Amino acid sequence: MKAPKTLRNVAVDRELMVDMYRKMLFFRRFEERANLAYTQQKFSGFCHLHIGQEALNVGVQTCLQPDDYVISGYRSHTQAIAKGIPAQKVFAELLGKSEGCSSGKGGSMHMFSKEHRFFGGHGIVGGQAPLAVGMAFKVNYEQENSIVVCYLGDAAMNQGQVFEAMNIAATWKVPVLFIIENNLYGMGTAIHRTTSIDHLYKRALAFDMKHSMIDAMNVLTVYEHMKSTVAFVRKNKEPFLVEAMTYRYKGHSVSDAGTYRTKEEVEEYQKRDPILQLQEDLARLDFADDDAFKAWDKEIREQVKEAEAFAEASPPPDERELWTNVFADET
Amino acid sequence: MKTMTIREALGEAMQEEMERDPKVFLMGEEVAEYDGAYKVSRGLLKTFGPKRVIDTPISEGGFAGVGVGAAMAGLRPIVEMMTWNFAIQAFDQIINHAAKMNYMSGGQFPVPIVFRGPNGAAHMLSAQHSQNLDPLLTNVPGLKVISVANPSDAKGLLKSAIRDNNPVVFLESEMLYALKGEVPEGEHLIPIGQGKLCQEGNDVTIVSWGKISRVAIEAVSQLAEQGVSCDLIDLRTLVPMDEALVFASVRKTHRAVIVEENWPFASVGAQISDRIQHECFDDLDAPVERVSQEPVPVPYSEGLEHLALPSVDKILAAVKRVTYKS
Amino acid sequence: MATVIEMPKLSDTMEEGGIANWLKKEGEQVEEGEPLVEIETDKSTIEYASPAEGILLKVLIKKGESSPLRSPIAVLGKKGESFDAALTNRQKPEAKGGITEERQETPKAMVMPNTKQETFAPSKRVKASPLAKKMATDKGLDLKLIAGSGPHGRIIARDLESLSVASPTVSTVSGDQKIPLTMMRKTIAKRLVAGKNEAPHFYLTISANMETVLKWRQELNDHPDVESGQLPKVSVNDLLILVTAKALRQHPSVNASWHGEHIMLHSAIHIAFAVALPSGLITPVIPNTDSLLAREIARQSKLLGEKAKKGELQAAEYTGGTFTISNLGMTGVESFTAIISPPQACILAVGKTQRVPHVAEDGSIIAQHRVKMTLSCDHRVVDGMVGARFLETLVSYLENPLFILS
């Protein structure tokens, strides 16, 4: 039996790496296509893109089980897809169509799937934190083996109810993995201008909560770290806070002119692009060559176009849908 | 029938529903070891243990959201707010999350949760502890809103609220917890959305709900002595509202006085008044009158507080106006 | 092209008409001008001639039923023609100037505007509660004729309840009889409520020595031609009408009417007098009363009274009065107050002429024929002193008719 290849002294698996690479590429192309569709006025409202932040999503998701719960904020198109919602249903939701994952009633910020335990896309900064604690409370209450992953933006850490939620989670010992996607900016305000601490993971200190900080531009780093973290939360039934350092290339939303940061800063981060990093590793390990990368890209671009085509073909919600779901059990 | 207080009726409702469904649990400030700030949850910790009767930190936004998340995941929380004044801290979770989750998820995430606690002025608690939030809460689609004023309704409606698959705002009153009344033995459920005609008369329709309906009852008995007979409606549920009951009465009496504890601007009474003018326009012989709380923060001093709140005298004056007897 | 026959307006105050009798059957040929239907108005039953010729295709309002003015009551046309089409195509009567929005909203209460009515209907918006408006529509009442007792003059339900057939609050016991309202009774009710509610009444009572009038009447009736019937018998009331007309000539502000925006002082004096009928009362008018002699007044009053009793009065004979006299002297009533008939400003209520003790000028007490009269005045038109001065003149004329010539 051949010895496994290693990268930076860690055993690597081609299949896993290729899968993560293809997923990151898919999410990149999906968001680019969403951006295009927005600029083509195929939909309106808000459109928050995840371009540049793919490694965290893919690295975390690879460590989760299907019965784990994920809840997030309003930048979550591809987190929803990562959790299992078909891309065409997410695209259809972007376009406000009846076959969208929230039946066209949620939109860009509110992807939902009970089936895939993706508990939303939420639009109030930090509002998902108490919800995540409630979901984890249920895990304990029903003695499940799941964990809850709660993505938060860096700016959410300045919200009072996030503090309340983390305090309750630590006090009651519920299995929530809080992940701060620190992309350095809360909308257009640099995070260091909004808090007196240099690193957001320090907030966990207030609750004696386990915590860590990782480079989330490298998917293998994320994966290796999250494997153990997820296992810790699952085993110990207690919360854990990870500060994941990442960067978004696009604006806060599509309408963001980017006045608050320099072009050079963006380019600096793009040199450490998560897809590029993994592509180099794959090439170095001989796991894939340029032909493969090109073929995958072509294939993935087609898949994303198909998702968009599905979304465009999907009918808008019936007018009667206006009145449904205001209350459960009633139409 | 057995006689009990509203406090006991609410406690009994929770006890029965927790026995019936293991997914039901109670959390809030002081609900467990303290036995409830107003003793509504007395004895529940002893019966169900700390897994299901849970003291929270003083973090209304936080634990309200925990309740919503647990409900999304399939549990049936009862969240006690020590008062609804404190629940304003939790409005983000109640309004932005609980009320909208089912809708914006296209029906995938119903939120079966009850937020309950005392609402409105008690006695000399001053401005921050005396607010009636009926208009704020009823204004939000996706919330059912119940307001009770006697033990039978308290028990029957709280049980229905706990069984409902939607977020239910359940409004109580400190001043009424000790009010005694008869409650039917055995399983006692009152459907959400049904008002009650408490007294029948011909001259004027009085619509009220919650604690202030007790003041309306007193006014109605004084009016009876003066030869004015009233239909007195206790709405019991504000959302969904039993409008048919109100309309039928107004079509009979041709005049309506709404007695509400909340402030008058964009209030529940304003809504009822609008519905009456729309549905009973040709039946009205006088403008609809509202007796509301004066639009000031509730003052502390006893005399001022009384002036701020709806009173028997204010109701009598309104009835005189609609019956053209002033 | 078929013709839709509409309920005609056959009296100035008519708002709806009842079909007393159809003079033609469906299918029969009707000539233009040929009597078609007898219509019961608020005052009398009147034969109505067909305004067009054709076959009576359809009777829409049956005998005994009633309908508002200008609503279709029948359709005339060619044989085989559809009456439905005619009804559908019928042009809605165009509102004439002066009809307020109020009236258009409540078509039943809307009366065909007649110049007279328009002049005394105030052009102000009627304030009424929605319920009162609905009740007025149901009862066919014109809210403009009703005074509101609510805030700012708002007409409210109780202002209309007194006009109901039977108040629901009055319990009925067996033996009680429910009498449906005739057109006349409805009109009386409406006019009197309007008069009483709208006009602020005040009352002036005066008594007069009637010895001279009685002597005068005696002399007039002692004429041999009276016995033979060639000349009419003159009553005290006739002389009273004459004297009143003469007194009005001296007091034009009493011979007046109220029109909301203005007061009309009438140049002509047309005295109306109340005639009691089994079904109510009516007030025929003696035109230009002040120009007539006693016997002519007697002749006209007798004729009009007889026609009234037979229900044969034409609209012109009971409209246009400028002042009304109501005399209950024949019943023994000593004095009473009467309700003004709008838009007139005054009505004179006359009691029994009887011998009463009277303190003469020399202080002695003598027996004297005297009458008590009460003038009801609309204070909007007539002030106290104006009414009093009129009564003074009236008494002086009664006591000394020669003064009329002075």
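Letters A, B and C mark the chains in the order given here, with residues in each chain numbered from 1 onward.
What we mean here is this: a contact is a pair of C-beta atoms (placed from the backbone, for glycine too) under 8 Å apart; a residue touches a chain by one contact, two chains touch by 3 or more.
What you are looking at is a predicted structure, and each value in this text was computed from that prediction instead of being measured.
**Student:** Through how few touching steps can subunit A be joined to subunit C?
**Tutor:** The distance in steps between these two chains is 2.
**Student:** Farthest from subunit C by Cα centre, which chain is it? Let me know.
**Tutor:** The most remote chain is A.
**Student:** Could you let me know which interface, B-C or A-B, is made of more C-beta pairs in contact?
**Tutor:** Spelling it out, more C-beta pairs touch across A-B than across the other pair.
**Student:** Among all chains, which one's averaged Cα position is nearest the averaged Cα position of every protein chain shown?
**Tutor:** B
**Student:** What is the distance in Å between the mean C-alpha positions of subunit A and subunit C?
**Tutor:** Centres of subunit A and subunit C (C-alpha means) sit 89 Å apart.
**Student:** Using Cα averages as centroids, what's the distance between subunit A and subunit B in whole Å?
**Tutor:** That gives a centre separation of 41 Å.
**Student:** As a quick test, compute the distance in whole Å between the mean CA positions of subunit B and subunit C.
**Tutor:** 60
**Student:** Tell me, which residues of subunit B touch at least two other chains?
**Tutor:** none
**Student:** Taking the touch rule as given, give the residues of subunit C at its contact with subunit B in the complex, in rising order.
**Tutor:** By the definition above, subunit C touches subunit B via 129-134, 149-151, 156-158.
**Student:** Where on subunit B is subunit A touching in the complex?
**Tutor:** Answer in residue numbers: 25, 51, 56-57, 59, 61-75, 77, 92-93, 96-97, 101-112, 141-142, 144, 165-166.
**Student:** Which subunit A residues qualify as touching subunit B in the complex?
**Tutor:** Touching subunit B from subunit A are residues 69, 71, 100-106, 110, 112-114, 119-120, 122-124, 127, 129-139, 141-142, 160-161, 163-165, 167-168, 171, 324-329.
**Student:** Write out the stretch or stretches of subunit B touching subunit C in their complex.
**Tutor:** 254, 281-286, 324
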